[in-house]
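Shared chain: chain A. Partners: chain B in the first complex, chain C in the second.
Entry: the complex of A and B
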């Protein structure tokens, strides 16, 4: 399998280089803490081993993160608040609700913008302006304010996730719905097609390829939004809560494990979007 | 300019006034009547307004002045009546539809029942020699096959008038020859009226019963050449003296149009 090797080689090389740098950095950063454990007279290999196995390292070594992750995923009952699966599920649920909100609203907004010129002029600037608000910065405030008016639970968090993720969907769909060229539109005109037909038979199917580009970005943003929204909620559940608790108590391993879990979730989300896209592509004979 | 193909006013049904135009006076002084069952080519250099003229017939462009009649009604009404099929410069097949479903697209819009749509798609794809390719997607077809599929699509609702805007302009000469033979056969078979835009003299002479020669700045008709070649035209008719004589007349008319442009 020389082909597989050739393809894997660059990735493995980068991974190895990253590992070397990481272990090196972990040693450098944890050096003094390690010395405090094993004593300043200890031989170097002992110091190194200690630096890579501290309970609360400044920077955990990669294998520590992996072990903590594995323990958090497989070592606990999934209903336990110590289980990373439990926290990931809470975050995933928030992100999923937020993403669905974003998908429905984002697409609806794009359709409205494309179908009516007035809305194109009046709505699009607001859509863009909405993204200049640093939601990440005010997310805690939003959650608290919404909580005060009785909106608690998943909804305020999902709103923040949705707010972050509707934009790529809207812009992708606006572009996609406008993608058909003049000939494709003229063709339908020669059939005296209704506006509805132009939309259903041309604009909508033409936009699908664009939609998936937006969906992939939106899926990751929904997760970011969900995690950020979890920070101020008293930090009971979710990867965001886990991150916050970890930083309260200096549990760097817990923080990194939660981060790794968040990356895995993102991979999963993007993978799901890609799978959906692949299904559509297959139905269209291999091309979007 | 008047156009009366298809149903109503036949041969005599006159020509009215001039001037089809699109904003910058793309066309002026156009005075033309096309009879039902004719194969008329519009030929001329770029910018002579031949595409504007055919688009005006199709109501894709609106003349600023003058009168234009298709089937004895306005182009807008003719378009609403789905009186013509239009073949564009590019195939304009929808990439997400199979060849068959591209052909049934107008039928869906016009509300044909599903069984009828399938039957017509089959028949018209057969007609253009693409019977076996119904389930393929457009990108799996060559350029010539794609354009044939777009012709099948235009024929699927059996319009009596076929408008073709440089349909073979982007194809290589061999493919083009084949499609010309094919188109001529289709025209004889169906008895429809064809208006055909081209800038190839041999193509115009080979296909047409009449050749409308146009010239630019401003776009106008400079000459109309009757083509009395026999209806049966094998490809090698293009080497006969009669063919060359007609081609010569068209070329002269084109040059004359250029010289005082």
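Entry: the complex of A and C
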């Protein structure tokens, strides 16, 4: 137990410090708006309380965000467009479809790159170079063009999410498939193993650790892609649409709650990836 | 008919050339192969677009995009100035410098480091672009809000990487500095900061793309009528796809050029680091 305390104490301290700074900043930023509500003659505690409970604050206090989040998650029926669960589900669905597409294609492409020299030499440099390109910029065009040829709904958004998460998966998998030492490959060759055997028994298992590292990055990126893809369509549903609507109408609490929800989703996705990794490690007898 | 023929012939010839090139070792071939692959891709794109009369509202041909690029140069220049020079570069600089300095400051206390590192890692993994509407509300429609998004997005990778870099020196090297009677500041300046440089450069390279993405996405939330993100979203809505592609090409060129410049800078600054020394294996 003391070990857990020793590990948690610094994190809790930093969190508390952040909380104090946040409440202070919320008071400073909302000060004039609060004065307008309670009057400039009001005593300080009243002003402070008003600054931390405005309807449309410049910076909401943390408890306001938590309360809005809770109201959005539990206070509404799940199918209502006011429910954050509903919007989160729309975004999560998009991200999941895109992520699965990226996982299948990325792993397949990585295998092809590792197995064929032509692809490795001609395609791999482009995969690496594409990391330096702001891919999210194409989101509006993809949505508009695909909408133009009759493809609307989840697919254009999922394509953007998938496009974004495709690259970390591919690069991680290529690195992983190449990770085995020369000496291990040579050993298998002395056993008269075929290329296929080397792949199945050595390269693939060795790549899993790298794959999961890539998957964690990719899952986050898929969510970012899904959220940004919801912006240009003026979508009615999804956390991105929620952000945009909040931005139009100056509903800061709604923006922050959507952001918090997106962060929770990210945590959930990364947690799922970590659980999958742990299951795999357990099945392999404690090693990755 | 003739289009299909041209397409098939060029694909076959291109693949044969790629196979021939990739079977050869050497630096020149390693560069020529991807270049040929890119050229082949562009060529096929062009042939398909013109031969099959693909409507430009669906997919403009590369020559059409190049034409749009050439004819819209003043507009592209204005967008570049607004997004890259005014928003990305200041945001990038603010985010990177503050991340670097915060890491150095926090590094002195092991307690704070252990508290801040997991939290910063967590926050860095969040969809930070989502703060764009808040920044627009705080700093207005013009470039300051975009720079703010870029700064927040670049802060966390730099912070986490610098902390990791500061921890990268071995106990032996630190003991050596202590035996020289070096003060904290001397150890920091002469040993730990130089040793952290590879990590810092990693963050610098990663961050430029992040800053570009942050600024462009922030422009989707409201902007004066200039800027790359603004242009992309409005021209896409009116189906001027050649202009959109020209903007995307501009963003891609900016991203890769800056990445290339950072790689060159890294090589110039880190020439002494083991990872940049050519390893000559001993032969019996």
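Operating definition for what follows: the second predicted complex is superposed on the first by the 285 of 288 C-alpha atoms of A that agree within 3 Å, B and C clash if a C-alpha of one lies under 4 Å from a C-alpha of the other, contacts with A are read in each partner's own complex, and residues count from 1 in each chain.
One rule holds in what follows: a contact is a pair of C-beta atoms (placed from the backbone, for glycine too) under 8 Å apart; a residue touches a chain by one contact, two chains touch by 3 or more.
Predicted model only: the values in this text are computed from it and were never measured.
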First (chain B), second (chain C), both or neither touched by A:79: neither
Contacts of A:40 with chain B and chain C, given as first, second, both or neither: neither
Greater chain A contact set [chain C / chain B]: C
Touching partner for A:141 - first (chain B), second (chain C), both, neither: second
First (chain B), second (chain C), both or neither touched by A:263: second
Chain A-touching residues of chain C, taken from the complex the two chains share: 15, 18-19, 21-23, 29-30, 33-34, 36-38, 57-59, 111-116, 118-119, 122, 125-127, 129-134, 136-138, 205, 208-209, 212-213, 216-217, 220-222, 228-229, 232-233, 236-237, 239, 241, 244-245, 247-248, 251-252, 255-256, 258-259
List of chain A residues in touch with chain B within their complex: 183-184, 186-194, 197, 201-202, 205-206, 208, 284-288
Of all residues in chain B, those that touch chain A in their complex: 58-60, 79-80, 82, 84-86, 88-90, 92, 94-96, 98, 105-106, 108-110, 136-137, 139-140
Interfacial residue positions of chain A with respect to chain C in the complex: 7, 9-15, 18, 58, 117-118, 120-126, 129, 131-138, 140-141, 143-145, 148-149, 216, 220, 223-224, 227-228, 231-232, 239, 243-244, 246-247, 250, 252, 255-256, 258-259, 262-263, 266-267, 270
